[in-house]
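There are two complexes below, and they share chain A, which is joined by chain B in the first and by chain C in the second.
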Partner chain A sequence: MLLGACSGPQSALDPAGREASEVALLFWVMLVGAAIIWLVVIGAAMFGGKWQKQPLSERAGLRIVLYGGAVIPTIVLAALLVFGLRLMPMLRAGEPELRITMSGEQYWWRVTYAAPDGSKVESANELRLPAGRAAEITLDSVDVIHSFWIPSLAGKMDMIPGRTNRLVLHPERTGIYRGVCAEFCGRSHAFMAFPVVVMEPAAFEAWLAREAAPALSKADNGAFLANGCGGCHTVRGTQATGSIGPDLTHFADRQSIGAGILPNTPDNRRRFIAETETLKPGVRMPSFGALPPAELGAIAAYLGSLE
Partner chain B sequence: MRPVFRVTPRRALTALAGIAALGLLVAWSGIINIGASSGHWRITSWALHWAMQNSVRTYALFEPKPPTDLDTEDRIRRAAGHFETSCAFCHGSPLHDQPRLAAHMTPMPPGLEDAARKWRPRELAHIVRHGVKYTGMPSWLALQRDDEVLAMVAFLHALSQMPPERYRGIAFGPTVPEDPVLEGCARCHGMDGASKDGAFPVIGGQSEAYLLATLRAFNNATRPSGFMQFAVDGLSDGDLERMARHYAAQAGVSETVRHDDMSRGARIALRGLPEADVPACESCHGASSRRNPGYPRLAGQDAGYLAGQLRLFKQGHRGGTGYAHVMQKIAGRLPDDAIDAVAHFYAGDP
Partner chain C sequence: MLFRSETPNLWTLLAPPTVWALHFLFCYVAGAIICAKAPEALDELRLAIAAATILALVFIVVAGMQAHRHWGFGSDMPPHDTPTDEDQQHFLGLATMLLCALSAVAVIFGAMPALFIAECMR
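Entry: the complex of A and B
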């Protein structure tokens, strides 16, 4: 129970990337160091109060103040500073092998991959990375300050409107992790998350090539278009070209819907369309619960076909 | 030496309590005649009217400032039919002064020929919107509809100079059809449901599903409107269905817009304002083989009506079909000049 938060897809103590490993190591060094210092101080206090009956001479007292109050803390803090500064050059880790832009919007993530041929591939609310390769994430925001944090992979970095921040990730273990917005950004701040899928490099390349292609779905998109979904959402290769909300071209491939709030299942797809504002207060998308059930079902089915 | 009567706090309180008790006794005894037939004493009438005028003058300060072009023809026409059905019964009209029954009310509802001279526009707006207690004057059915209140004020301004023929023309419409259900609609909207120079929305050619959902929304007050909630009051769902079917079958609005237009309004309609998170109007309202029939047709609609409704959506005062909240969200992001631009585009204005 006590260790419940120490592993799993969203834990800085169960690192799956180089930056997070360093952060975890720093944490353990600090924890052990702090524990030792605490024991020494408490031990000295007990010794002074309980067993040492004679007062110390003035000379001995001053010596304790000099060593315990100035010399030892200086050495310990200097060592920690060197240990911490050593991590900094990693922030500008050479030429990254992959560039991705993530833009925060209330309350979702616009994700743009730079494909090997230089073209841009837009996706949303999910980040896929190849294991063992450096990926540079360019972070910005279009509305308010958000913060990008994947505890299993690295420390957090703010996303500030009008400013571009960079963060280099070195994921090392394949698996599915969870990223979150770590800066209060409005009513649905707590519902602004995203799955992070770290894949084998070959699988990642195949996935990116598929992601770059237009939608392959042969399912009927009549209900999707007739009810106006295309005004805000793009499904590449169709008449839906809206740029206000998340790109849905390969929606069925994604782990979650609503920016990490629900598993991507047929029931949840339907529920999110009908009860958007209940599931995500303050969201830009209106609820479409007034649609006839058949239309709701048709839209949800179409989304489920977008592989 | 004569005894001196001193007013002490205790005596004053006792006297006040005595007067209050006397008042209660009078009210309890039932000696006050509440019958309208006896009228008021002159002094009571004067005092009540004086207090009412003072109250109206003070509370009129809370009315929004009327526009400089208040007395427009479309405002005057918009309120005329409603005046005939809901006001003239007590206040009389150019066709019928001093209705007999109203003369037996206490206080007696005044004729309104000189209302514009007696009251400033904001005072009239306050009376129209909030009514007057203890007089039988009701408040407006939809308090939030500034635009409807202003239309009625403009009509009252025009009333003093209005010849009976003109009043008949705008309050009853040109021709009265022999149809008890559609007769009421046609007085304002005509049998063809056309705009009448901006006084009314174009309802001809609208989808039947949208018209029926709208009429039901007026009937259950989810779309606030003093005019329309009153007009559909007491109608059966069958009547509403007949109305929707009739007007859907007329020529009027359509789904087809010009795609060669380069105006700002056209850009918003066809491509939206992505930087303001406004999707293209056409993504819902445009032509499509299986467009949602609950979304209204906009091409050919009156520009003033469209802009007015978008502003109501923006203020959160426009209800309607189950999709009204979609437009509340989107209109809330539309800048004011964009509202006018897009309204003119759909009206087909050059």
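Entry: the complex of A and C
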């Protein structure tokens, strides 16, 4: 039980990327170092209290204060400082092979990939990365401060309105990880997460080409359009061109619904539309629970067809 | 007044931390200006910080040597708390010497990032 947080999709102690490995190494170095210092200090206290019967001379005492209290701590701090400073430039090293913009919005993530041909590919609420390649993530926000954190891949970086921050990720192991918003941003802050899918580079390129294409769905989108979903959501290749909410062009391909809160299953698609405001308090999408069940079903089915 | 002074005073006591403060300000203000106006001049910035660091350390070492002398080269141990001129001298000398050590370490720590930064963050 105690070790429950030490592995899995959202653990900084189970790194899957270069930055996170460095952070984990730093953590272990500090932990072991702190344990050694603690043992020495407690050991000295026990020694002084139990075995050392004669008081030390004043000179010897002052010497212990000088070395134990000033010289050794200074050396340890200097070593840690060098160790930490050395990490920082490495975190941005290397020319990125992929550029992605992520923007935080209460309470979801707008994701834009720069395709190899220079065009932009709109997506949302999920980040896909090729393993073994450097990816530069440009971070900003449109409303309040959010913070972008994928513990398995790297340390966190704030998303600040009016300022653009840069983070370079070097994912190394394929798998599905979890990113979160790490800065309190409102009532549904805790429901602002996203899956991170690290793929083989070839699979990633195929996926990006698919993601760039317009929607292929042949399903009926009448109910979707009639209820005004298209006023806030874009489904490329259809009349839905809104940009207030997440792009839904290939929504069925995503791992999760509503910024990481529910697995993307048929039942959950229906539930998210019907109970939006219950699932995510303060969300900028109205609940459509009042719609007739047949219509809800038609919309959910359409969403499920958006591969 | 600061150097070659026969007796320590509050100015000689405050000088080393003041040098630390000025050095700190210089590093960060110069860093901010270079990164905002001329990010390609990082190497020059590094040199300037190195020069400022050497200058500050020389000053602090000289001040420390003077404080060591005021302390009477450790002829007696603290606490220097009898109301005599000699004890006042020894107290100020020792306090200044300790502040010199602290300031020297702080100056070195403050300059260290200049060795490692690779670029101005955009």
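Everything that follows uses one rule, which is that the second predicted complex is superposed on the first by the 306 of 307 C-alpha atoms of A that agree within 3 Å, B and C clash if a C-alpha of one lies under 4 Å from a C-alpha of the other, contacts with A are read in each partner's own complex, and residues count from 1 in each chain.
By our rule, a contact is a pair of C-beta atoms (placed from the backbone, for glycine too) under 8 Å apart; a residue touches a chain by one contact, two chains touch by 3 or more.
Everything numeric in this text was worked out from a predicted model, so none of it was measured.
In the overlay built on the shared chain, the residue A:278 is in contact with neither chain B nor chain C. By the document's definition of touching, of the two partners only chain C reaches A:85; chain B does not.
Of the two partner chains placed by the overlay, only chain C lies in contact with A:58; chain B stays clear of it.
Residue contacts after overlaying the shared chain place A:228 against chain B, while chain C stays out of touching range. Once the two complexes are overlaid on the shared chain, A:295 sits against chain B while remaining clear of chain C.
Overlap of the chain B and chain C interfaces on chain A comprises no residues. Within the complex formed with chain B, the chain A residues making contact are 222-223, 225-228, 230-232, 242-244, 284, 286-291, 295.
On chain C, the positions that touch chain A within their shared complex are 77, 101, 105, 108-109, 112-113, 115-119, 121-122. Residues of chain B touching chain A in their complex: 272, 274, 277-280, 283-284, 288-292, 294-295, 321-323, 325-326, 329-330.
Put simply, chain A touches chain C in their complex at residues 58-59, 62, 70, 74, 77-78, 81-82, 85-86, 88-89, 92-93, 164, 166.
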